[in-house]
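Consider the two complexes below, in which chain A is the common component and chain B and chain C are the respective partners.
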Partner chain A sequence: MGTRIIGKRERRVDILGKLTGLAKFAADYNAGHQLYGKVLRAKHPHARILHIDTSKAKMLDGVEAVLTAQDIPGEKVMGIVIKNQAILAFDKVRYLGDGVALVAARTKDVAEEALSLIRVDYEPLPVVSDPEEALKPDAPKIHGNDNAFVHHKVRKGDMEKGFAQADFVIERKFRTPCIEHSYIEPEAVLAEPAEHGGVLITGSVQNLFSSRRSVAAALKLDLNRVQIIQATLGGSFGGKDEVMTSMCCRAALLALATGKPVKMVNSREESMLESYKRHPYVLYYKWGAKKDGSITAMQCKCIADGGAYSSMSPFVTWRSVVQATGPYYCENVKTDVHAAYTNNNYTGAMRGFGSPQVNFAIESMMDELAEKVGKDPLQIRLQNGFKTGAVTATGQKLTHNVSLLEVLTKAADAGDFLAKWKKYRSAPDAPKKRGIGLACSYRGVSLGAEGVDAAGTIVSVQTDGSVIVSSGITDMGQGAQTQMSQIAAEVLGISMSRIRFMNTNTSRVPDSGPTVASRGTIMGGSAAKKAAEIVRETLLGVGAEMGRLTPDQCDLVDDFLVEKATGKRLASFAELAAACFASGKPMYGLGWYKAPHTSWHEDEGTGDAYFTFVYGANVAEVEVDTETGKVDVINFVTCHDVGKAINRNTILGQFYGGVAMGIGYGLLEEFDYEDSVPKQLNFDEYLIATSMDVPPIKAIVVENEDAAGPFGAKSIGEPTTELAAPAIGNAIRNAIGRRVFEIPATLERVLLGHKLSRKGERGSARKEIMAVDSCKLGRGAQ
Partner chain B sequence: MNKQITLTINGEARAVEVGPTDILLDVLREKLGIKSPKIGCERGDCGACTVLLDGKSVRSCLILAIEADGHKITTLEGLSRNGLTPLQESFLKHSSFQCGFCAPGIVLSATELLAKHPHPSEEEIKESISGNLCRCTGYKPIIEAIAAVSNARRKSV
Partner chain C sequence: MAIAHDFEYLKPGTLREAVRTLARYGPRARVLAGGTDLITLIGEAMAAPDAVVDIKGISGLDRIEFKNGALSIGALVTFSDLRDSPIIAKKFPVIREMTGWLASPGIRNRATMVGNLCSAVPCCDSGPILMVYDAVIQVAGPAGKRKVPLSDWFVGPRKTVLKRGEVATGVVVLLPKKKHAACFVKLRRYEGEDLAQASVTVLALAGNSYRVSFGSVAPWPVRAHKIEALLEGQQLSDSLIRKAAQLVPEEITPITDIRATKEYRMHMCCVMLNRGLKAATARLAGAGPEYGTSLI
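Presenting the complex of A and B:
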């Protein structure tokens, strides 16, 4: 199908204000006579709350409200899957980020002083900070009687038979780190009492509808009395979900308690202390294989650190269990993924959502297998990799175009992989050695069998021919607004300059679920296409009357109504819009898209988990300093099948940004604790990739259009970041002949094979825990 | 004790009363309504608060407002008072930014670079923005847009 706007490098619809300083992020909003809200956080990672005395704080001049959990009129706990996260802790604190009390005051300084006047008596409890420790019977319990709260499994074939058929077994243990999202914009909201009851919240919220549900439940309000408007969002990466929900609830509580607008902004330290993270995993992989390189059995056990609350752990670990054996043929599979509560930060959604962890293990294992049977990493993957029609570990038959071999071959060719791999492998010892590594993956698109998967987008043509688009799918920088606009423009035959995209407002667009799982383009875009088609049909009807033609003889092209056969221009788009309005016809369309069927059988561990999949491959070339263990990535190839590139600019933005984040995962980033006390709370100690850390990147966009997506488009946000770490790990192995089994591949892990750090005593054995010094929490920016 | 200071902000003289420990970033955002410098880390690590002080890029979170007394400050708001600069145009064309929270800082860092070195090497470009953290873009679309300005200048000479 020929397209005019789709596939073009159209300018982002949200870029101009970001370049002139006019873009308004949440912390840029103020209301007259607003109060400043602050949170008193836990003093211990695990303690019983005996008593909270707020009387002194309440008496401080300038303080307008001091609230604790007992002031919450409705539900005191939130949670999307398991409701166990307190908006304000009342029985226990379970990690250092827990909020215990709230203050609203006329100035920030007074608010902070008031926090210091709140007295909380605690009974410190034993702490558990290691998920494997947490699963032991004598471990301190975080919730109820069991720290184990998720166990997903996949079962296929007969493991005994699989291992019996094997010529050899490879058994390895891997560890992946806890990761901070590191959106550069810290969390912020402004909550205002609404004119006719309820509350209006403007904030840096990713998933507005789930936040709205919790605010309504906490405040005992109908959903229509809680309006959340998304401010231009300064990055999210899955991170501005529950942490924003609790901030919205807290600010709304204060606003309704005082009857005044309340602004809350986290400092970076507060943000890192409180916000949830990407799950650290311990992964035990055991594969049986034959001498020819075929795999007869794959057994995997993963333990995820769920932290203090359930959050999205049940879903994150479900994606892990589905994808834990990668895009490889194997008749006998047994996978178990567990999540355990600890006193660390709770862990939830982060770009990748359960795939970066398992991909590191799978792709490291694949290279170990290649080594064992004397094949090269490309050969072993081409031999074992899925082709169209393959049946996955969960028993799902892949009927779409399975392009794994295509992306692998293209990435390997572009990186000159084989020649370099052979050369580096036999290079003599030297202070600096180079290596090259390959990794690939398949990834289920959108939510899959996690839950209801539907979204709505609205296209509204104005009487002058300009167009307003809005959606329940949100933009956090990834470009969803631009893709949806392009799709609407394509269908309406108009230029992008006609379109304004409105930030999401929960009271004006339909609940479209969360903007997660790389579902923005495929779901929001499909809905945008439907919405535009509804409007197009009306416009063509009016246009046909104007030109005394039938609607199917007309078309909308380059901002004109034209006669299809001759291309003759009958009216400008603006004239057509005016005529449509004059005829009393609706110029408004709500497109609703529901994803194709998926299924899951939790007991059997089988199902058609996702309605389609995407495929990607990365090649990383590194230079390792063999004296210090320092690893530099010097070249990178990223290749992904995106279905159809709606916009090359936004696609490439995802490619490059995903690689940079993946390099951080492989080499730099680790949110580390000692007995559940975070060791880093700002960017001086939590290191993300700078411009100096990102190598030249070759990006290869593969397009195999998929019937499930708008104009054939699929997903790209998360696949781009889930492969760099194993590619780097394999490159290090190629360079120095040793593998890192734990990431990030810091100097000591590369050189010594393990982390250099004091081994904290087992947390449960310790009584006194050093709490985070409150002065480390920053000034509390506004 | 509070003190009245005078700043030339984006070409306009502004008098403002500040306390001895007031941070320039807070004075810009809260007292002068200039919101483009962003608060990201408050310790000079992320670069989101970058402004130009007499043409030199500084972290406004690390500078006391009184230190800026009598000096010229340029923020993102001031760059485009006479239309977008070629650098802004280039960022626009390349759609270099995603969430855009780092943009105010990066645009100013790159503005300083191009003022000093009209034709920087790629290494110089990378170094000029190495103090500005961006979590979205992988920096490449930003670097390409800066290089494109330099290349366009070369062609027009």
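Presenting the complex of A and C:
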């Protein structure tokens, strides 16, 4: 099908505002008479709260409210799956980021001072920092009497038979780190008492509808009394969900308690201390295989550190369990994924959502298998990789175009993988050695059987022919607004400049679920297509009357109503819009898209988990300094089947950004604790890959249109970041003959094969001056 | 970053006035030049001075001068000034080499080399570089001017010999009379802005004479006198370097902190010494890697 706007490198609809400074991020919003809200956070990672005395803080001049959990009129806890996260801790604190009390004051300094006047008596409790320790019977309990709170499984075939058929067994243990989202904009909201009751919140919120539910429940308000408007977001990567819900609840509580607008902004240190992270995993993989390289049994056990609260753990680990054995044929599979509570930061959604962890293990195992049977990494993957019609570990038959072998071959060719792999493998010893690594994956699109999967987008043509588009799917920098605008423009035959995309407002668009799981384009885009088609039909009806034609003889092309057969221009789009208005016809369309059927049988560990899948492959080329352990990524190929590239620039942005993030995961990033006290709260010690650390990236966009998505488009946000780490790990193995089983592959790990213990302090800083009270961390953020 | 701490901001126009002010406040005053260290300390409540004495109003401290084989760097000379200076590029290319890995351009535009010496953190990059040149710090104080050899300058992490009322006005570096070349090797965890986990500076002089210093692996930058004595007059060879590396544990006392472990730092000092010695020697012979090339 020929398209005019789909597939083009259209300019992002939000770019001019961001470049010129006109874009308003949450912290840019202010209101008259606003107060500043601050949170008093926990003093211990695990402690019983005996008493909170706020009397002195309340007496401080300029303080307008000091609140504790007692002051919450409605539900005191929130949680999307398991409700156990306190908006303000009342019985216990469970990690250092927990809030204990709130202050609203006329200035930030007064708010800070008030925090220091609140007295909290604690009874410190034993701390558990390691998820495997947490699962032991005698471990300190974080919630109730069991730290185990998730166990997902997948079962296929007969494990005994599978291992009996094997010529050999490979058994390995892997570890992946806890990492921080590192969005450039820390959390911020402005909450204002609403004109006719309720509250209006403007904030850096990713999933507005889930945040709204919790605010309404906490404040005992109907949903229609809580309006959340998304400010332009400075990045999220899955990270502005519960941490923002909690901030929205707190700011709204203060706003309603004082009757004044309340602004809350986290400093970077507060953000890192409080926000949730990507789950660290311990992974035990055991594969049985034959000498020819075919796999007879795959047994995997993963333990995820869920941290202090359940958050998205049940869903994140579910994606892990579905994808834990990768896109490879095997008749006998047994996978168990567990999540445990600890006193670390709670862990939740982060770009990748349970796949980066298992992919590191799967793709490392695949290379170990290749090594064992004397095949090369490409050969072993082509041999075992899924083809169209394959049945997955969960028993799902893949009926779409399974393009795994295509992306693998294209990535390998572009990176000159085989020739280099062979050359580097036999290179003589030298201080600096090169290596090349391959990794691939399949990934279920959208939410899958996690939950209800539907979304709405609104297209509204104005009387002058300009168009307003809005959606329940949000933009956080990934380009959702541009993608949906392009789809609407394509259907309406208009140029992009006619479209203005409104930031999401919970009171003006339907609840479309969260913008997660790379579902923006496939769900929001499908809804945009439907909405535009509704409007198009009306416009063509009016246009046909104007031209004395039938609607199917008319078309909308390049901002004109045209006669299809001749291309003759009958009216401009503006004239058509005016005529439509004059005829009293609606120029407004709500498109609603519900995802195709999925299923899951938790007890059997089987099901049609996702309605379609995407496929990707990465090639990483590295230079390893064998004397220092330093790994330089010198070349990179990233290849993904996106279904259809709606906007090539946005796609490439995802490709490059995903790789940069994946390099950080593989080589640098680690949110580390000592007894559940984070060792790093800013980017001086929490390292992410800079532009200087990212090599030239060759991006290959593969397009196999999928019937499930708009114009054939699928997902790309998360697949791009889930493969770099194993590709780098395999490249290191190729270079130095040793594998890194634990990421990040820091200098010490690569050189020594393990990490030496560290203390959480800077050598130059004396203890007494470093002991900054955690409540002072927020200083100066606003 | 907002400063929650109140202090007097004073900007004297002359050195004499600065000294008088500093003498009056004593330890309750801090000198402000670039401010990249001081302001951060105040912001993080790690310093709480009653007075901040800004020396940027004093004329003459912003000069880089090279006269009669002596390089003078004023207290207000920033790392960007050094990086852009033709005389530095020509006569002291290793100083320029060091500035390339020091923080980021934004910081380098503000931060001064003398300030870096006054902060006296163990990981300061100026210290080890200037040490191999036997640099001398110029100090003005109530009792007049005095000169402090860099080897006597540091007395602890974040501690120098500066006394009440004193301010460092510059640093003087003598160009070695013999033909020479140098090399600065800095261990960083990534290509972004990073503090030295360890560093090695080597100055190679004609006639097989070497000066070696280490940074970030002792309470302050240190000269490796034992290694220098071993190398003196010897033709550099792999076996000689191995012997030199064996002396590394006698020269440095690295610690384990959040950035790196003691063991790794020790290991890396040996690797960096090896590469630094070879590169400096090669440069002396007109070959070797260009200045600015990272050896690790």
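Definition applied: the second predicted complex is superposed on the first by the 762 of 782 C-alpha atoms of A that agree within 3 Å, B and C clash if a C-alpha of one lies under 4 Å from a C-alpha of the other, contacts with A are read in each partner's own complex, and residues count from 1 in each chain.
In this section, contacts are C-beta pairs under 8 Å (C-beta built on N, C-alpha and C of every residue); 3 or more make two chains touch, one makes a residue touch a chain.
Since the structure is predicted, the reported quantities are computational estimates derived from the model, not experimental observations.
By the touch criterion defined above, A:S426 reaches neither chain B nor chain C.
Look at A:L668: by the touch rule set out above, it reaches chain C but stays clear of chain B.
Contact with chain C, but none with chain B, is seen for A:D625 once the two complexes are overlaid on the shared chain.
Judged by the touch definition given at the top, the superposed model places A:T690 against both chain B and chain C. Applying the stated contact rule after C-alpha superposition, one finds that A:K679 touches chain C and leaves chain B untouched. Among chain B and chain C, the chain that touches a larger number of residues in chain A is B. In the superposition on chain A, A:E112 makes contact with chain C only, while chain B stays out of contact range. In the superposed model, A:E748 makes contact with chain C only, not with chain B. After overlaying the two complexes on the shared chain, residue contacts for A:L19 are found with chain B alone; chain C is out of touch. Looking at chain A, you'll find residues 684, 688-690, 692, 779 touch chain B in one structure and chain C in the other.
On the side of chain A, the complex with chain B involves touching residues 9, 11-12, 14-21, 23-25, 27-28, 181-186, 232-237, 265, 267-268, 476-479, 482, 649-650, 652-653, 655-661, 682-684, 688-692, 694, 697, 778-779, 781-782.
Across the complex, chain A meets chain C through its residues 108-109, 112, 625, 627-628, 630, 667-668, 679-680, 684-685, 687-690, 692-693, 746-748, 751-752, 756-766, 769-770, 772, 776, 779-780.
Chain contact summary for the complex, chain B toward chain A: residues 30, 35-36, 38-43, 45-46, 48, 75-77, 79-80, 84, 88, 91-95, 97-104, 107, 125-127, 129-143. Those residues of chain C that touch chain A in the shared complex are 1-4, 43-46, 121-123, 157-158, 187, 189-195, 255-261, 263-264, 267-268, 271, 296.
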